[in-house]
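The structures come next, written out as structure tokens.
In what follows, subunit A forms one complex with subunit B and a second complex with subunit C.
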Partner chain A sequence: MKESLMDIIVCPVDKHDLELAVDEEEADEIVSGTLTCTECGETYPIEDGIPNLLPPDMRDEVEA
Partner chain B sequence: MGVLENKARARLFYKYLSKVYDRINPFIWNEEMRGEALEWLDLSRDDRVLDVGSGTGFGTEGLLGHVDHVYALDQSEHQMEKAIRKFGLHGSVSFHRGDAERLPFADDSFDAIWSSGSIEYWPNPVDALEEFRRVVKPGGKVLVVGPDYPRSQVMQRLADAIMLFYDEAEADRMFREAGFEEFEHHIQQARPGTPRAITTVARVPEK
Partner chain C sequence: MAERRGLDVDVYQPAEDSGLLARAATEDGRLGPDDVALEVGTGSGWVAATVAEETGARTLGSDVNPHAAEQARERGVEALRADLVSPVRDGALDAVLFNPPYLPTDPENEWSDWMERALSGGESGRALIDPFLDSVGRVLAPDGAVYLLVSSLTGFDEVVARAAENGFAVETVVQESYPFETLSVLRLTSE
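For the complex of A and B:
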């Protein structure tokens, strides 16, 4: 994902801003990292360039 | 109405389905109907548009004929992988995994929302429509394509058991309950006798 996406994405649960921690970056694209809600502390992974913003109760069982 | 009873069941259902089909389509939705719906949305090239339940990318592909960039959201990884193979990961589409009923976007982030072939899977469609109203700017448009309540008994049983099907009266109720005041429904049908789609175009009211 592009860092500019941070302007519009929020925590799906409480709609507060997210904080970005980048693990791996290629050119202008964030390949892996973590998004943390500045309010509730819930974390959302960025995997293979895609932010997984599914609420925590939907994350695990959807697809292994 | 045949609303999926809970999200866990819905997710199991998807997980199984996405391995077998792209996605079961209880209505026929072709390029011609997609083109007609896109005209109703009346987009400008630089509009910021979100495709909710983007799946394998049929709607996204149509949207890219009208706007330069599309934001795509789907809960299914399998479906999204197919869309990524079509559009690439770093091209004109930004991909997000997420839930239609709890959108991960700030208020007024988009000029328009497009959602085709997804509402029939939402356990609480009014919740999703409220989220659409929240993330689209006042005056912006929301377009939702879903299955019209079927005429055939076999499909009615499927409708009442696992999927949401709705007629115009039910669409009125859902959109009104979600806070929309101005909307219109179009029944779309490939040819007589085939399963019909109901397409609603709604305007987001001023706050």
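For the complex of A and C:
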């Protein structure tokens, strides 16, 4: 994902701002990292350049 | 067919409905290089990529399906995994595009894989359309527009009524008839 996506996305649960922690970056893309809600603390992973912003209950259901 | 698994089997590929949605969003003339659009349920990413190319708008693509998000990203679309518009900031989007899973499905006959999720709209055909219509207004900029593909199989009047209940003005941008259904793209704007 591009860092400028931070202007568009929020926590899917409570719509508060997310904080970005970058693990790996390539050119202008964040390849892996973590998005953390500044309000509820829920974390959302960024893997292979794609942020997974599914709400936690759905994420578990889909991965199952 | 086995070697095609993971590509055509798990991710909905562009079809007539995709073409119609891309055409409506570009030919409507409201999107330009300063705009941000999101295609919900982007699948292969073809519609998002086409709209970005034709209008210059920054066009994101979201999907529940990880294989779809990957394919969209490989196509050059800014991809994310999301449930409808739930992780989008209030008023952040100039346009939202959605070619929803719309086929009415008998619960007895539902099969549960990624393609089923891409096609089935539950018993009414509107299992995802209704929550989409109830939530999309929050993320739309004041002069933004929603482009929603609707099949006659899903119930055109029911979709229009639900949109109106949510305070949208509804216009049909394009409509095409096919042997088993009529496909329309609606433009929803805030009244």
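Going forward, the second predicted complex is superposed on the first by the 62 of 64 C-alpha atoms of A that agree within 3 Å, B and C clash if a C-alpha of one lies under 4 Å from a C-alpha of the other, contacts with A are read in each partner's own complex, and residues count from 1 in each chain.
Everything that follows uses one rule, which is that a contact is a pair of C-beta atoms (placed from the backbone, for glycine too) under 8 Å apart; a residue touches a chain by one contact, two chains touch by 3 or more.
Quick caveat: nothing in here was measured; it's all calculated off a predicted structure.
> Have a look at where A:9 lands relative to subunit B and subunit C in the superposition and call it first, second, both or neither.
Both partners, subunit B and subunit C.
> Touch check for A:33: first (subunit B), second (subunit C), both, or neither?
Neither subunit B nor subunit C is touched by A:33.
> Which partner, subunit B or subunit C, is in contact with more residues of subunit A?
B
> Can you pull the subunit A residues that subunit B and subunit C both touch?
Touching subunit B and subunit C on subunit A: residues 1-2, 5, 7-13, 15, 48-55, 58, 62.
> Would you tell me which residues of subunit B are touching subunit A in their complex?
Against subunit A, the touching part of subunit B is residues 7-8, 11-12, 14-15, 75-78, 80, 89-90, 94-99, 102-107, 109.
> Within their complex, state which residues of subunit C touch subunit A.
Listed in rising order, the residues are 36, 60, 62, 64, 66, 69-70, 73, 78-83, 86-90, 92-93.
> Applying the document's contact rule, which stretches of subunit A touch subunit B when the two form their complex?
Listed in rising order, the residues of subunit A that touch subunit B are 1-2, 5, 7-13, 15, 27, 29, 44, 48-55, 57-58, 61-63.
> Where on subunit A is subunit C touching in the complex?
Residue list for subunit A touching subunit C: 1-2, 5, 7-13, 15, 48-55, 58, 62.
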